[in-house]
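As written, the chain order gives the labels A, B, C and D, with residue 1 at the start of each chain.
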Amino acid sequence: MTIRVQSEAFDMGAETNAFSAAVAPAGAVVTFSGLVRDEGGTLTKMVVEHYPGMTERALATIRADAMARWSLVDAMIIHRYGPMVPGDQIMMVATAARHRADAFAAAEFLMDYLKSRAPFWKKEFGAHGERWVASKDEDEASLGRWALTNPPSSG
Amino acid sequence: MINVLYFAWLRERIGSSSEQIETQANTVADLVEELKTRSPAHALAFSDMASVRVAVDQDLTEMTASLQGVREVAFFPPMTGG
Amino acid sequence: MTIRVQSEAFDMGAETNAFSAAVAPAGAVVTFSGLVRDEGGTLTKMVVEHYPGMTERALATIRADAMARWSLVDAMIIHRYGPMVPGDQIMMVATAARHRADAFAAAEFLMDYLKSRAPFWKKEFGAHGERWVASKDEDEASLGRWALTNPPSSG
Amino acid sequence: MINVLYFAWLRERIGSSSEQIETQANTVADLVEELKTRSPAHALAFSDMASVRVAVDQDLTEMTASLQGVREVAFFPPMTGG
(Lines give C-alpha, C1' and ligand atoms only; values in the text may rest on other atoms or scores of the structure.)
Protein backbone atom coordinates (compact mmCIF):
# COMPACT_ATOMS: atom_id res chain seq x y z
CA MET A 1 0.00 0.00 0.00
CA THR A 2 1.30 3.38 -0.96
CA ILE A 3 -0.19 5.39 1.94
CA ARG A 4 -0.29 4.10 5.50
CA VAL A 5 -1.22 5.93 8.68
CA GLN A 6 -0.75 3.73 11.72
CA SER A 7 0.09 3.71 15.40
CA GLU A 8 2.24 0.56 15.22
CA ALA A 9 5.97 0.71 14.66
CA PHE A 10 7.15 -0.32 11.20
CA ASP A 11 10.36 -1.91 9.95
CA MET A 12 11.85 0.75 7.73
CA GLY A 13 14.41 -1.61 6.19
CA ALA A 14 11.87 -4.28 5.37
CA GLU A 15 9.51 -1.68 3.90
CA THR A 16 12.31 -0.30 1.74
CA ASN A 17 13.29 -3.75 0.50
CA ALA A 18 9.68 -4.59 -0.36
CA PHE A 19 9.26 -1.26 -2.14
CA SER A 20 12.50 -1.70 -4.11
CA ALA A 21 11.62 -5.25 -5.13
CA ALA A 22 8.36 -4.06 -6.70
CA VAL A 23 9.75 -1.29 -8.91
CA ALA A 24 11.60 -3.27 -11.58
CA PRO A 25 12.01 -0.56 -14.25
CA ALA A 26 13.47 1.86 -11.71
CA GLY A 27 17.18 2.37 -11.36
CA ALA A 28 16.95 4.72 -8.40
CA VAL A 29 15.25 4.47 -5.01
CA VAL A 30 15.40 7.31 -2.47
CA THR A 31 14.10 7.02 1.07
CA PHE A 32 13.71 9.50 3.87
CA SER A 33 12.97 8.47 7.42
CA GLY A 34 12.25 10.72 10.35
CA LEU A 35 13.41 9.56 13.76
CA VAL A 36 12.48 10.83 17.21
CA ARG A 37 15.59 12.74 18.33
CA ASP A 38 16.85 12.30 21.85
CA GLU A 39 17.75 16.00 22.21
CA GLY A 40 20.73 15.18 24.35
CA GLY A 41 18.71 12.93 26.63
CA THR A 42 16.18 15.64 27.59
CA LEU A 43 13.36 14.19 25.52
CA THR A 44 11.62 11.14 26.96
CA LYS A 45 8.54 10.80 24.77
CA MET A 46 6.87 12.22 21.70
CA VAL A 47 3.17 11.95 20.91
CA VAL A 48 1.92 12.50 17.38
CA GLU A 49 -1.71 13.55 17.04
CA HIS A 50 -3.49 13.47 13.70
CA TYR A 51 -6.87 14.04 12.05
CA PRO A 52 -8.20 10.63 11.00
CA GLY A 53 -9.75 10.75 7.56
CA MET A 54 -8.22 14.05 6.54
CA THR A 55 -4.72 12.65 7.07
CA GLU A 56 -5.17 9.88 4.53
CA ARG A 57 -6.77 12.32 2.06
CA ALA A 58 -3.96 14.84 2.43
CA LEU A 59 -1.22 12.24 2.02
CA ALA A 60 -2.90 10.73 -1.03
CA THR A 61 -3.12 14.18 -2.61
CA ILE A 62 0.54 14.96 -1.89
CA ARG A 63 1.59 11.61 -3.35
CA ALA A 64 -0.56 12.12 -6.47
CA ASP A 65 0.97 15.56 -6.96
CA ALA A 66 4.47 14.06 -6.82
CA MET A 67 3.55 11.26 -9.24
CA ALA A 68 2.13 13.82 -11.68
CA ARG A 69 5.08 16.16 -11.41
CA TRP A 70 8.04 13.80 -11.78
CA SER A 71 8.64 10.69 -13.80
CA LEU A 72 8.26 8.16 -10.99
CA VAL A 73 7.70 4.44 -10.99
CA ASP A 74 6.18 4.58 -7.50
CA ALA A 75 6.06 6.57 -4.26
CA MET A 76 5.01 5.55 -0.78
CA ILE A 77 4.38 7.26 2.57
CA ILE A 78 4.11 5.69 6.02
CA HIS A 79 3.37 7.96 9.02
CA ARG A 80 2.82 6.90 12.61
CA TYR A 81 0.67 8.55 15.25
CA GLY A 82 0.48 8.04 19.01
CA PRO A 83 3.30 7.78 21.55
CA MET A 84 6.93 7.19 20.53
CA VAL A 85 10.32 7.27 22.22
CA PRO A 86 13.72 8.60 21.05
CA GLY A 87 15.16 6.53 18.21
CA ASP A 88 11.73 5.43 16.97
CA GLN A 89 10.89 5.86 13.31
CA ILE A 90 8.12 8.47 13.04
CA MET A 91 7.59 8.21 9.32
CA MET A 92 9.17 7.39 5.99
CA VAL A 93 8.76 8.17 2.34
CA ALA A 94 10.24 6.23 -0.58
CA THR A 95 10.38 7.17 -4.25
CA ALA A 96 11.46 5.10 -7.24
CA ALA A 97 12.39 6.47 -10.64
CA ARG A 98 14.47 5.60 -13.66
CA HIS A 99 16.71 8.59 -12.93
CA ARG A 100 18.04 9.67 -9.58
CA ALA A 101 17.26 13.38 -9.97
CA ASP A 102 13.53 12.59 -10.16
CA ALA A 103 13.67 10.26 -7.15
CA PHE A 104 15.54 12.83 -5.03
CA ALA A 105 13.37 15.80 -6.01
CA ALA A 106 10.13 13.90 -5.45
CA ALA A 107 11.25 12.69 -2.01
CA GLU A 108 12.11 16.23 -0.96
CA PHE A 109 8.79 17.47 -2.32
CA LEU A 110 6.88 14.81 -0.37
CA MET A 111 8.68 15.80 2.82
CA ASP A 112 8.15 19.53 2.34
CA TYR A 113 4.42 19.10 1.82
CA LEU A 114 4.01 16.47 4.48
CA LYS A 115 5.64 18.80 7.04
CA SER A 116 3.24 21.67 6.44
CA ARG A 117 0.15 20.30 4.72
CA ALA A 118 -0.67 16.97 6.37
CA PRO A 119 -2.64 17.18 9.65
CA PHE A 120 -0.09 15.90 12.15
CA TRP A 121 0.97 17.64 15.36
CA LYS A 122 3.89 16.62 17.54
CA LYS A 123 4.02 17.02 21.31
CA GLU A 124 7.30 16.51 23.17
CA PHE A 125 7.59 15.32 26.77
CA GLY A 126 10.82 15.65 28.68
CA ALA A 127 12.84 16.95 31.57
CA HIS A 128 11.40 20.43 31.03
CA GLY A 129 7.76 19.41 30.87
CA GLU A 130 5.66 19.08 27.76
CA ARG A 131 5.25 21.30 24.71
CA TRP A 132 3.69 21.28 21.28
CA VAL A 133 6.37 21.45 18.60
CA ALA A 134 6.18 24.80 16.85
CA SER A 135 6.00 24.88 13.08
CA LYS A 136 9.11 26.30 11.47
CA ASP A 137 9.01 29.32 9.21
CA GLU A 138 11.59 27.59 7.05
CA ASP A 139 9.24 24.65 6.50
CA GLU A 140 6.65 27.00 5.07
CA ALA A 141 9.38 28.73 3.04
CA SER A 142 10.52 25.38 1.64
CA LEU A 143 7.19 25.00 -0.12
CA GLY A 144 7.92 28.10 -2.16
CA ARG A 145 10.69 26.44 -4.11
CA TRP A 146 8.26 24.04 -5.79
CA ALA A 147 6.00 26.75 -7.17
CA LEU A 148 7.92 28.04 -10.14
CA THR A 149 10.70 25.63 -10.89
CA ASN A 150 10.32 22.98 -13.53
CA PRO A 151 10.67 19.38 -12.48
CA PRO A 152 14.10 18.02 -13.37
CA SER A 153 14.15 15.39 -16.07
CA SER A 154 17.80 14.41 -16.17
CA GLY A 155 19.92 12.27 -13.91
CA MET B 1 -25.71 21.20 12.45
CA ILE B 2 -21.93 21.31 12.00
CA ASN B 3 -19.43 18.99 13.64
CA VAL B 4 -16.59 21.18 14.94
CA LEU B 5 -13.26 19.45 15.67
CA TYR B 6 -10.25 20.71 17.62
CA PHE B 7 -6.69 19.35 17.51
CA ALA B 8 -3.44 19.80 19.43
CA TRP B 9 -3.36 22.84 21.71
CA LEU B 10 -6.72 24.09 20.48
CA ARG B 11 -8.23 20.84 21.73
CA GLU B 12 -6.42 21.20 25.04
CA ARG B 13 -7.39 24.85 25.59
CA ILE B 14 -11.02 24.23 24.74
CA GLY B 15 -11.03 21.00 26.71
CA SER B 16 -12.89 19.06 24.05
CA SER B 17 -12.05 17.34 20.78
CA SER B 18 -15.40 17.99 19.11
CA GLU B 19 -18.77 19.62 19.53
CA GLN B 20 -21.98 19.68 17.52
CA ILE B 21 -22.89 23.29 16.74
CA GLU B 22 -26.24 24.64 15.55
CA THR B 23 -25.26 27.74 13.63
CA GLN B 24 -26.42 30.23 11.01
CA ALA B 25 -22.85 31.41 10.34
CA ASN B 26 -22.10 31.97 6.65
CA THR B 27 -18.34 31.68 6.83
CA VAL B 28 -15.66 30.09 8.97
CA ALA B 29 -14.79 33.53 10.35
CA ASP B 30 -18.43 34.04 11.43
CA LEU B 31 -18.38 30.63 13.10
CA VAL B 32 -15.20 31.55 15.00
CA GLU B 33 -16.90 34.69 16.35
CA GLU B 34 -19.82 32.56 17.58
CA LEU B 35 -17.50 29.97 19.13
CA LYS B 36 -15.58 32.66 21.05
CA THR B 37 -18.78 33.52 22.94
CA ARG B 38 -19.29 29.98 24.17
CA SER B 39 -16.72 30.12 26.99
CA PRO B 40 -13.57 31.94 28.14
CA ALA B 41 -11.64 28.84 27.04
CA HIS B 42 -13.00 29.20 23.50
CA ALA B 43 -12.18 32.91 23.52
CA LEU B 44 -8.61 32.14 24.61
CA ALA B 45 -8.16 29.39 22.02
CA PHE B 46 -9.21 31.75 19.23
CA SER B 47 -7.41 34.84 20.57
CA ASP B 48 -4.50 34.56 18.11
CA MET B 49 -5.96 33.62 14.76
CA ALA B 50 -2.53 33.85 13.09
CA SER B 51 -1.80 30.53 14.82
CA VAL B 52 -5.03 28.83 13.81
CA ARG B 53 -5.57 26.82 10.63
CA VAL B 54 -8.90 25.47 9.38
CA ALA B 55 -10.10 22.53 7.32
CA VAL B 56 -13.64 22.39 5.95
CA ASP B 57 -14.92 18.89 5.20
CA GLN B 58 -11.30 17.73 5.52
CA ASP B 59 -9.78 20.15 3.02
CA LEU B 60 -7.45 22.93 4.15
CA THR B 61 -8.99 26.31 3.45
CA GLU B 62 -9.15 29.96 4.55
CA MET B 63 -11.18 31.66 7.28
CA THR B 64 -13.25 33.31 4.56
CA ALA B 65 -14.55 29.94 3.32
CA SER B 66 -18.31 29.46 3.07
CA LEU B 67 -20.14 27.04 5.37
CA GLN B 68 -22.86 26.33 2.81
CA GLY B 69 -23.62 22.59 2.95
CA VAL B 70 -20.63 21.93 5.20
CA ARG B 71 -20.76 19.08 7.72
CA GLU B 72 -17.36 19.25 9.41
CA VAL B 73 -15.05 22.12 10.38
CA ALA B 74 -11.71 21.48 12.08
CA PHE B 75 -9.47 24.01 13.84
CA PHE B 76 -5.82 23.35 14.63
CA PRO B 77 -2.38 24.95 14.86
CA PRO B 78 0.10 24.89 11.95
CA MET B 79 0.95 21.29 11.16
CA THR B 80 4.18 19.66 12.27
CA GLY B 81 4.29 16.26 10.58
CA GLY B 82 7.27 14.49 9.09
CA MET C 1 31.92 0.47 8.43
CA THR C 2 31.27 3.63 6.52
CA ILE C 3 32.86 2.63 3.19
CA ARG C 4 32.47 -0.84 1.72
CA VAL C 5 33.48 -2.09 -1.70
CA GLN C 6 32.44 -5.68 -2.21
CA SER C 7 31.36 -8.25 -4.77
CA GLU C 8 28.73 -9.85 -2.51
CA ALA C 9 25.12 -8.72 -2.52
CA PHE C 10 24.03 -6.69 0.50
CA ASP C 11 20.68 -6.31 2.26
CA MET C 12 19.83 -2.66 1.72
CA GLY C 13 17.02 -2.68 4.31
CA ALA C 14 19.14 -4.30 7.00
CA GLU C 15 22.01 -1.90 6.27
CA THR C 16 19.64 1.06 6.53
CA ASN C 17 18.19 -0.16 9.82
CA ALA C 18 21.66 -0.70 11.29
CA PHE C 19 22.78 2.73 10.11
CA SER C 20 19.65 4.42 11.54
CA ALA C 21 20.01 2.65 14.88
CA ALA C 22 23.52 4.03 15.32
CA VAL C 23 22.79 7.73 14.71
CA ALA C 24 20.84 8.65 17.83
CA PRO C 25 21.09 12.47 17.66
CA ALA C 26 19.85 12.49 14.08
CA GLY C 27 16.26 13.20 13.16
CA ALA C 28 16.67 12.57 9.46
CA VAL C 29 18.05 9.65 7.45
CA VAL C 30 18.18 9.71 3.65
CA THR C 31 19.16 6.72 1.54
CA PHE C 32 19.75 6.27 -2.14
CA SER C 33 20.05 2.88 -3.76
CA GLY C 34 20.92 2.13 -7.34
CA LEU C 35 19.34 -0.93 -8.91
CA VAL C 36 20.22 -2.76 -12.12
CA ARG C 37 17.41 -1.80 -14.51
CA ASP C 38 15.85 -4.45 -16.70
CA GLU C 39 15.56 -2.08 -19.69
CA GLY C 40 12.34 -3.70 -20.79
CA GLY C 41 13.79 -7.18 -20.54
CA THR C 42 16.66 -6.51 -22.97
CA LEU C 43 19.35 -6.43 -20.29
CA THR C 44 20.44 -9.78 -18.93
CA LYS C 45 23.56 -8.94 -16.95
CA MET C 46 25.67 -6.05 -15.77
CA VAL C 47 29.31 -6.26 -14.74
CA VAL C 48 30.90 -3.53 -12.64
CA GLU C 49 34.67 -3.19 -12.92
CA HIS C 50 36.64 -1.12 -10.44
CA TYR C 51 40.18 -0.10 -9.48
CA PRO C 52 40.98 -1.82 -6.17
CA GLY C 53 42.76 0.51 -3.80
CA MET C 54 41.88 3.71 -5.60
CA THR C 55 38.17 2.96 -5.24
CA GLU C 56 38.33 2.89 -1.44
CA ARG C 57 40.47 6.05 -1.40
CA ALA C 58 38.12 7.92 -3.72
CA LEU C 59 35.01 6.94 -1.75
CA ALA C 60 36.64 7.88 1.55
CA THR C 61 37.55 11.30 0.13
CA ILE C 62 34.04 11.90 -1.21
CA ARG C 63 32.53 10.90 2.14
CA ALA C 64 34.95 13.15 4.06
CA ASP C 65 34.06 16.06 1.77
CA ALA C 66 30.37 15.54 2.51
CA MET C 67 30.98 15.29 6.27
CA ALA C 68 32.97 18.53 6.17
CA ARG C 69 30.45 20.38 4.07
CA TRP C 70 27.18 19.58 5.82
CA SER C 71 26.22 19.06 9.40
CA LEU C 72 25.97 15.28 9.36
CA VAL C 73 25.90 12.71 12.11
CA ASP C 74 27.16 10.01 9.74
CA ALA C 75 27.38 8.96 6.10
CA MET C 76 27.98 5.58 4.53
CA ILE C 77 28.65 4.17 1.07
CA ILE C 78 28.39 0.58 -0.13
CA HIS C 79 29.29 -0.22 -3.76
CA ARG C 80 29.40 -3.63 -5.39
CA TYR C 81 31.59 -4.82 -8.24
CA GLY C 82 31.43 -7.93 -10.40
CA PRO C 83 28.43 -9.48 -12.16
CA MET C 84 24.85 -8.52 -11.31
CA VAL C 85 21.39 -9.12 -12.78
CA PRO C 86 18.37 -6.82 -13.21
CA GLY C 87 16.81 -5.90 -9.88
CA ASP C 88 20.08 -6.30 -7.96
CA GLN C 89 21.23 -3.47 -5.73
CA ILE C 90 24.42 -2.04 -7.24
CA MET C 91 25.15 0.42 -4.46
CA MET C 92 23.70 2.56 -1.72
CA VAL C 93 24.51 5.67 0.24
CA ALA C 94 22.94 6.75 3.52
CA THR C 95 23.23 10.07 5.32
CA ALA C 96 22.04 11.05 8.80
CA ALA C 97 21.60 14.60 10.06
CA ARG C 98 19.61 16.56 12.59
CA HIS C 99 17.87 18.37 9.76
CA ARG C 100 16.51 16.89 6.59
CA ALA C 101 17.92 19.51 4.21
CA ASP C 102 21.46 18.49 5.18
CA ALA C 103 20.71 14.79 4.81
CA PHE C 104 19.15 15.27 1.36
CA ALA C 105 21.86 17.59 0.03
CA ALA C 106 24.68 15.37 1.27
CA ALA C 107 23.12 12.25 -0.27
CA GLU C 108 22.79 14.00 -3.64
CA PHE C 109 26.36 15.26 -3.36
CA LEU C 110 27.66 11.74 -2.61
CA MET C 111 25.81 10.40 -5.64
CA ASP C 112 27.01 13.12 -7.98
CA TYR C 113 30.64 12.58 -7.03
CA LEU C 114 30.39 8.84 -6.91
CA LYS C 115 29.02 8.79 -10.48
CA SER C 116 31.90 10.74 -11.98
CA ARG C 117 34.83 10.56 -9.57
CA ALA C 118 34.96 7.01 -8.21
CA PRO C 119 36.71 4.45 -10.45
CA PHE C 120 33.82 2.19 -11.42
CA TRP C 121 32.83 1.20 -14.94
CA LYS C 122 29.64 -0.59 -15.91
CA LYS C 123 29.29 -3.02 -18.78
CA GLU C 124 25.87 -4.19 -19.92
CA PHE C 125 25.12 -7.55 -21.52
CA GLY C 126 21.87 -8.20 -23.30
CA ALA C 127 19.90 -9.10 -26.36
CA HIS C 128 21.91 -6.63 -28.42
CA GLY C 129 25.35 -7.78 -27.30
CA GLU C 130 27.58 -6.09 -24.78
CA ARG C 131 28.58 -2.48 -24.30
CA TRP C 132 30.36 -0.24 -21.83
CA VAL C 133 27.94 2.25 -20.34
CA ALA C 134 28.81 5.75 -21.55
CA SER C 135 29.26 8.51 -19.02
CA LYS C 136 26.56 11.14 -19.21
CA ASP C 137 27.33 14.77 -19.86
CA GLU C 138 24.66 15.62 -17.31
CA ASP C 139 26.51 13.68 -14.63
CA GLU C 140 29.55 15.85 -15.17
CA ALA C 141 27.29 18.93 -15.25
CA SER C 142 25.71 17.91 -11.94
CA LEU C 143 29.04 18.38 -10.22
CA GLY C 144 28.99 22.05 -11.14
CA ARG C 145 26.12 22.82 -8.82
CA TRP C 146 28.23 22.05 -5.74
CA ALA C 147 31.01 24.48 -6.60
CA LEU C 148 29.53 27.83 -5.69
CA THR C 149 26.45 27.23 -3.61
CA ASN C 150 26.58 27.32 0.14
CA PRO C 151 25.52 24.22 1.99
CA PRO C 152 22.00 24.52 3.35
CA SER C 153 21.71 24.71 7.09
CA SER C 154 17.97 24.79 7.63
CA GLY C 155 15.38 22.08 7.48
CA MET D 1 59.85 1.26 -13.46
CA ILE D 2 56.20 2.30 -13.53
CA ASN D 3 53.23 -0.02 -13.16
CA VAL D 4 50.72 0.96 -15.85
CA LEU D 5 47.12 -0.19 -15.38
CA TYR D 6 44.23 -0.26 -17.85
CA PHE D 7 40.52 -0.49 -17.07
CA ALA D 8 37.27 -1.07 -18.94
CA TRP D 9 37.53 -0.68 -22.73
CA LEU D 10 41.15 0.48 -22.52
CA ARG D 11 41.99 -2.84 -20.90
CA GLU D 12 40.03 -4.71 -23.57
CA ARG D 13 41.57 -2.85 -26.50
CA ILE D 14 45.10 -3.24 -25.20
CA GLY D 15 44.44 -6.83 -24.19
CA SER D 16 46.12 -6.47 -20.83
CA SER D 17 45.20 -5.09 -17.41
CA SER D 18 48.74 -4.00 -16.48
CA GLU D 19 52.29 -3.79 -17.70
CA GLN D 20 55.59 -2.82 -16.11
CA ILE D 21 57.15 -0.01 -18.13
CA GLU D 22 60.75 1.20 -18.04
CA THR D 23 60.45 4.83 -19.06
CA GLN D 24 62.19 8.20 -19.02
CA ALA D 25 58.92 10.06 -19.67
CA ASN D 26 58.53 13.25 -17.63
CA THR D 27 54.76 13.55 -17.83
CA VAL D 28 51.73 11.36 -18.35
CA ALA D 29 51.36 12.80 -21.86
CA ASP D 30 54.94 11.74 -22.69
CA LEU D 31 54.21 8.26 -21.34
CA VAL D 32 51.13 8.02 -23.55
CA GLU D 33 53.23 8.84 -26.62
CA GLU D 34 55.64 6.04 -25.66
CA LEU D 35 52.82 3.58 -25.04
CA LYS D 36 51.26 4.29 -28.45
CA THR D 37 54.43 2.96 -30.11
CA ARG D 38 54.24 -0.40 -28.32
CA SER D 39 51.54 -1.93 -30.56
CA PRO D 40 48.69 -1.04 -32.92
CA ALA D 41 46.33 -1.97 -30.05
CA HIS D 42 47.96 0.62 -27.82
CA ALA D 43 47.78 3.22 -30.59
CA LEU D 44 44.08 2.52 -31.04
CA ALA D 45 43.35 2.64 -27.30
CA PHE D 46 44.97 6.07 -27.04
CA SER D 47 43.64 7.44 -30.34
CA ASP D 48 40.90 9.53 -28.71
CA MET D 49 42.40 11.12 -25.62
CA ALA D 50 39.18 13.05 -24.90
CA SER D 51 37.78 9.70 -23.75
CA VAL D 52 40.74 8.77 -21.55
CA ARG D 53 41.18 9.66 -17.88
CA VAL D 54 44.28 9.12 -15.80
CA ALA D 55 45.11 8.47 -12.16
CA VAL D 56 48.66 8.78 -10.86
CA ASP D 57 49.38 6.80 -7.72
CA GLN D 58 45.59 6.39 -7.36
CA ASP D 59 44.68 10.07 -7.53
CA LEU D 60 42.79 11.48 -10.51
CA THR D 61 44.91 13.99 -12.36
CA GLU D 62 45.60 15.58 -15.75
CA MET D 63 47.70 14.39 -18.69
CA THR D 64 50.20 17.14 -17.87
CA ALA D 65 50.99 15.56 -14.46
CA SER D 66 54.61 14.81 -13.65
CA LEU D 67 55.84 11.22 -13.32
CA GLN D 68 58.59 12.16 -10.86
CA GLY D 69 58.68 9.45 -8.18
CA VAL D 70 55.48 7.87 -9.46
CA ARG D 71 54.96 4.12 -9.11
CA GLU D 72 51.53 3.56 -10.65
CA VAL D 73 49.69 5.16 -13.57
CA ALA D 74 46.18 4.03 -14.52
CA PHE D 75 44.30 4.80 -17.74
CA PHE D 76 40.55 4.38 -18.07
CA PRO D 77 37.41 5.85 -19.66
CA PRO D 78 35.15 8.35 -17.82
CA MET D 79 33.78 6.68 -14.72
CA THR D 80 30.23 5.32 -14.55
CA GLY D 81 29.66 4.31 -10.94
CA GLY D 82 26.54 4.73 -8.87
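Everything below uses one rule, namely that contacts are C-beta pairs under 8 Å (C-beta built on N, C-alpha and C of every residue); 3 or more make two chains touch, one makes a residue touch a chain.
Because the structure is a prediction, the values reported are computed rather than measured.
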- Task: Report, in whole Å, the distance between the mean C-alpha point of subunit A and the mean C-alpha point of subunit C.
- Result: 21
- Query: Centre to centre, by mean C-alpha position, how many angstrom separate subunit A and subunit D?
  - Reply: 47
- Calculate how many whole Å lie between the centre of subunit C and the centre of subunit D, each centre taken as the average of the chain's C-alpha atoms. 26
- Residue list for subunit B, restricted to those that touch at least two other chains: 82
- Multi-partner residues in subunit A (2 or more other chains touched) are 34, 100, 111
- Message: Is the chain-to-chain touch network here best called a line, a ring, a star, complete, or other?
- Response: line
- Pairwise touch list, complete, is A-B, A-C, C-D
- What residues on subunit A touch subunit B, complex-wise? 34, 48-51, 53-54, 57-58, 79, 90-91, 111, 114-123, 132-135, 140
- subunit A touches which residues of subunit B in the complex? 5, 7-9, 11, 55, 58-60, 74, 76-82
- State the interface residues of subunit A toward subunit C in the complex, per the touch definition above. 11-17, 20-21, 23-38, 40, 86-87, 89, 98, 100-101, 103-104, 107-108, 111, 136, 138, 142, 154-155
